[in-house]
Amino acid sequence: MALRKAGVLGATGSVGQRFILLLSDHPDFELSVLGASSRSAGKKYKDAVTWKQTSLLPKSSGEVIVSECTPEAFKDCDVVFSGLDADYAGPIEKAFVEAGLVVVSNAKNYRREPDVPLIVPITNTDHLSIIEKKVATAAAKGEKKPGFIICISNCSTAGLVAPLKPLVDKFGPIDLLTTTTLQAISGAGFSPGFPGIDILDNIVPYISGEEEKIEWETKKILGKTNSDNTGFDILSDDDLKVSAQCNRVAVSDGHTECVALKFKNRPAPSVEEVKQCLRDFVCEATQLGCHSAPKQTIHVLEEDDRPQPRLDRERDNGYGVSVGRIRSDPILDFKMVVLSHNTVIGAAGAGILIGELLIAKNII
Amino acid sequence: MALRKAGVLGATGSVGQRFILLLSDHPDFELSVLGASSRSAGKKYKDAVTWKQTSLLPKSSGEVIVSECTPEAFKDCDVVFSGLDADYAGPIEKAFVEAGLVVVSNAKNYRREPDVPLIVPITNTDHLSIIEKKVATAAAKGEKKPGFIICISNCSTAGLVAPLKPLVDKFGPIDLLTTTTLQAISGAGFSPGFPGIDILDNIVPYISGEEEKIEWETKKILGKTNSDNTGFDILSDDDLKVSAQCNRVAVSDGHTECVALKFKNRPAPSVEEVKQCLRDFVCEATQLGCHSAPKQTIHVLEEDDRPQPRLDRERDNGYGVSVGRIRSDPILDFKMVVLSHNTVIGAAGAGILIGELLIAKNII
Amino acid sequence: MALRKAGVLGATGSVGQRFILLLSDHPDFELSVLGASSRSAGKKYKDAVTWKQTSLLPKSSGEVIVSECTPEAFKDCDVVFSGLDADYAGPIEKAFVEAGLVVVSNAKNYRREPDVPLIVPITNTDHLSIIEKKVATAAAKGEKKPGFIICISNCSTAGLVAPLKPLVDKFGPIDLLTTTTLQAISGAGFSPGFPGIDILDNIVPYISGEEEKIEWETKKILGKTNSDNTGFDILSDDDLKVSAQCNRVAVSDGHTECVALKFKNRPAPSVEEVKQCLRDFVCEATQLGCHSAPKQTIHVLEEDDRPQPRLDRERDNGYGVSVGRIRSDPILDFKMVVLSHNTVIGAAGAGILIGELLIAKNII
Amino acid sequence: MALRKAGVLGATGSVGQRFILLLSDHPDFELSVLGASSRSAGKKYKDAVTWKQTSLLPKSSGEVIVSECTPEAFKDCDVVFSGLDADYAGPIEKAFVEAGLVVVSNAKNYRREPDVPLIVPITNTDHLSIIEKKVATAAAKGEKKPGFIICISNCSTAGLVAPLKPLVDKFGPIDLLTTTTLQAISGAGFSPGFPGIDILDNIVPYISGEEEKIEWETKKILGKTNSDNTGFDILSDDDLKVSAQCNRVAVSDGHTECVALKFKNRPAPSVEEVKQCLRDFVCEATQLGCHSAPKQTIHVLEEDDRPQPRLDRERDNGYGVSVGRIRSDPILDFKMVVLSHNTVIGAAGAGILIGELLIAKNII
């Protein structure tokens, strides 16, 4: 199968660096354009970037001449992965879509757009039907293939909804949902990133905008597409109440969430039924044979003291989500601890798996 | 006023070391006996201890010859502060009480005894009336002053109930209560203490027995003494449901708790009423002029990102509790972040303040 | 004695915040002017600053209206403590001196000036004779009191030279000196400060310009004033060779240095003579009764595993330096571990103690 | 080629767990016996171990029934990897050798024996000639193949000597050598491991026995075998003086060392010659095509702020050593920063690569 040409926007940032690593030697994609600010454009990538990954910068990527973030520079790309900062993503991504390009973005700017899918690629891949419909409609009209954008969800939302979706599909809607997050600092990027003095022997019990993102995005992701596949029926507060409390902790990678939930239907399932449902779940990306899809989507851990970020974040290369301490809750039905890799399933990795899904579904 | 003679059980351990520091130059107490295991007994304290405090070992304490933990050795003490490990505390503390001694213990062994007060000294000091009654009864009968034990609460319970008690007193009972804790490692002591490899770049989402302690102790502390002052009316699950999720994090001192709660009475107070109630609260120990009592019992913080353990744990020398991010909750009434100093108000410091209260209330 | 009026330049930064804390309730100084960038000028200090100290912002300082950093605004100050960033300190401090003001600066800009004393206030206070001479000369000529600047040394230099000076005074010159530093992140300030992701589970074996500062400043501080007290006889490479290797580590406050040294004179003193010399040393600031001067200048620790930053950095409120593991070295004469508090004796605290020395020596 | 049967002593400990991971799916070895204390013997390995690796316990290893540490239980093993604690290793390893078994041990007990090679497998593999001679001699006499032991070096010694050996081979002997180490906590094992409270916001400037190990082992490893290949000519203090200062820091894996050295021969090589020598070095294990041997033995880094443990410890799966900041030293000839993975090239990984060398050299 021919390799799809992939571009990366925001290539020198932390998300951009991860995109490059994941695209290096990828069986489906060929990294062809790296876009960054005009300060970097024109330089070799290796001279423009302060590389901060634990894997070495792939030699071939280092030699790429960095481009400006213009649709013209990316015009041959089958898909463009955007790691742009929200301050810049708005107009650039819009211009790309208008130029007919396919954008998979980690920025928050378009997540709430009525026709933009907000995708956790091990969770709500059915939402991609909006895009399939859009492409099919254009084809039926004889129009050229339309540009579109797909948004990657917020990192702490991704970990939260991953185990919830199979539960909702099996046991019916969740009514009440609380999560207290203990979030890694890698999400804050590199320049300057989260200050060391604020996290050493410390916790910061606040992440700007994060609680609102979790509370809103969960309702879009756990909702359905509308009846004519042109938008989303976002859950209302009556359907689902979500309460989030977010903390930044001294962890490099891996978001831990202490979750409690109550199902709408009575009687609620048993603890064992919940565990079995999670163990049995195979996400669509895995069923479709996507390269990066996890072998086991949800890992149910039985040890009292797991999951732990340092020990469990790399399950299935960070694409698998770990759930432990599933037990009855004195107030809601269940409580549990969820661990997800924030820079994989919660950011760049999710983008790449979405790209693989677009291929598997013949969208690109 | 004559100094009361104080003894310390478990003097070489982490809680014992804190007792010694706090008793050094204390205006009410004179440190007179240090008890430890027979391995240490007979040595000078400075030769028996591996001192691990940020303040230097007080010179005079270093010269004390360590005693065995027998009532005989402590017979002249007006009060004995026990930092014994739970594995040893049971029979030793029992023998002390039977010998007529007054024990203030950090161990968990007798917390659930029906006639033993479980005290957070900025919170439920009314529970000491049980002891006053016991002493008065003996006096009335012409019996000699009885021995008794008072238990210090679990550290994460202390921080939790401190802001709840004034709220309950003002707005009526709390119905539903959830807390997700982010607990410091100092609570795990020194030998060997919590392993570094388990906490560096990591979280452990489990502390053995901790959730049960919070869920049970809260119901004793927020309950009342019974009508004849001989025991406690512990709250039932119908009165109050508590759900706790406990995590160990990379913080040296200071437990952070993400709390949510619902009052029984409707309408619930406003956010501003809750804040004002906490700001106005002056605990009894402060009213009585106890030496270590906090000037401000509850610090209400208005900054989005506070309280933080490194910045706020030392308020009022660790005897004040900080509460921030008080806001409405989509599911219960309110959510907030509570920070308390686990080795002060949650352990040794609480013991000393209880000792001061015993003096202020003419019990010792 | 009348309080001296003190001003602070760079008042919102990390060094400035420390100056304000130390000046609050100081027996010698009255905090009268706070200067910051024009972005802050005109605001109340509490509204201009992001306060990040473990002690609360003193109420009265919070109400001060921030001034521009002009000599006019500080014209009534007896002394101005500068926490300005090196990018701004140059012209501002120069203008202050030209206007006749006394500046004690933490910035590096004027440290190498031939007539500017570079002072560690527990070490080379004899260097202040340059200033005494300058003031006396002006007085003799009937000129008005001249402005001048005194520089605080680099933080890691301060800790290094503190134990060396008494050794040199007693045993003669040091010939060869090596130090490998393990430096705290607080030195990197707050905005943005040292990135958390670079220090969590990590070491950065490089601090820009730091090794050069140690190697050069040590030669000025351990040197003498020249014969007519108008400048300094800086040690040459032939007098003293210094080799530094600097690392940033996951410590909030407190620089640890692994030092080795060789004396010029043979035979070298014994280990016990070295220890005794350090124990006996009483710095001039202590002899003069300066308020912040350490009771014990150098703490010699005998335990194998000390000093440790978390346990020992607060000795004498951070003005005392701890030295441990003093032992023979197979290559040079001795090796030892030195711990100093980088934001106290290595920065703002040093400035305040220099101010106290200026009073004690009747210079201001 | 037939798989060699491998046993692991101390299988439940931290080094033992690493041996098991590395032997799982190894192309040369088949894991056949797991030995541990009698508390564990008889249980399935998965029930005996508290598995603390970031990779999951290999399923097949989990099912192995744990044996006692007796030669009888291991009698079919071609090689036995020992992760025993030094408190137990002495008599057990001795019994194994006497029973004719081949032991590769991480324990320190036999490192100083005159006929026991102390091997860093990317460094002094020529020392294995002692074993080849011993085996050949027995064969010549018609005796059965003798048992023997090979010791893995101390972890911080391994990282230190790795870049020194090629330098000595090219530029002649090193005269003076200093190293200040910043060592990871993983070396302290799991039960209980290094205490978290001692390493959070802290450094411990002491590791019991470590400085002596570095100073002695370096002289054995950089020395030669004697003329008849029956023992070692260990370097004397006149040949080489070594001075080490050891610190424990808040890093999980990866020892950083700040090294300085002086060659005996004048003129010393240039910085560029030193770098080129290190870049060009290909260790014998790599030349022999050993499975785990690093592709690049020594990585010379040019960035100012590298190597860093979190970013560079995994080079060549932890078998490659990184060297940065190579520069002239004002006192000795050169200084540099060396980073090595303490649990790979400094412990279990070294053992496995020694096993591969034994195969490549037809010793087993």
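Just so it is clear, A, B, C and D label the chains in written order, and each chain counts residues from 1 on its own.
Everything that follows uses one rule, which is that contacts are C-beta pairs under 8 Å (C-beta built on N, C-alpha and C of every residue); 3 or more make two chains touch, one makes a residue touch a chain.
Note that the structure is predicted; figures quoted are calculated from it, not measured.
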Pair in C-D, B-C or A-C that repeats A-B, with over half of contact pairs matching by residue number: C-D
Contact-richer chain pair [A-D vs B-D]: B-D
Whole-Å gap between the CA centroids of chain C and chain D: 43
Intercentroid distance (Cα basis), chain D paired with chain B, Å: 48
CA centroid of chain A to CA centroid of chain D, Å: 41
Per-residue overlap in chain D, given as positions that touch at least 2 other chains: 52, 198, 200-201, 250-252, 310-311
Chain-level touch network, classified as line, ring, star, complete or other: complete
Contacting residues of chain A [partner chain C, same complex]: 52, 185-186, 188, 190, 192-201, 250-252
In the complex with chain C, residue positions of chain D that touch it: 176, 178, 180, 182, 198, 200-206, 208, 215, 237, 241-243, 245, 247, 249-252, 256, 258, 260, 304-311, 324-325, 329-332, 335, 337
Partner chain B, residues of chain C touching it in the complex: 52-56, 200-201, 252, 310-311, 314-315
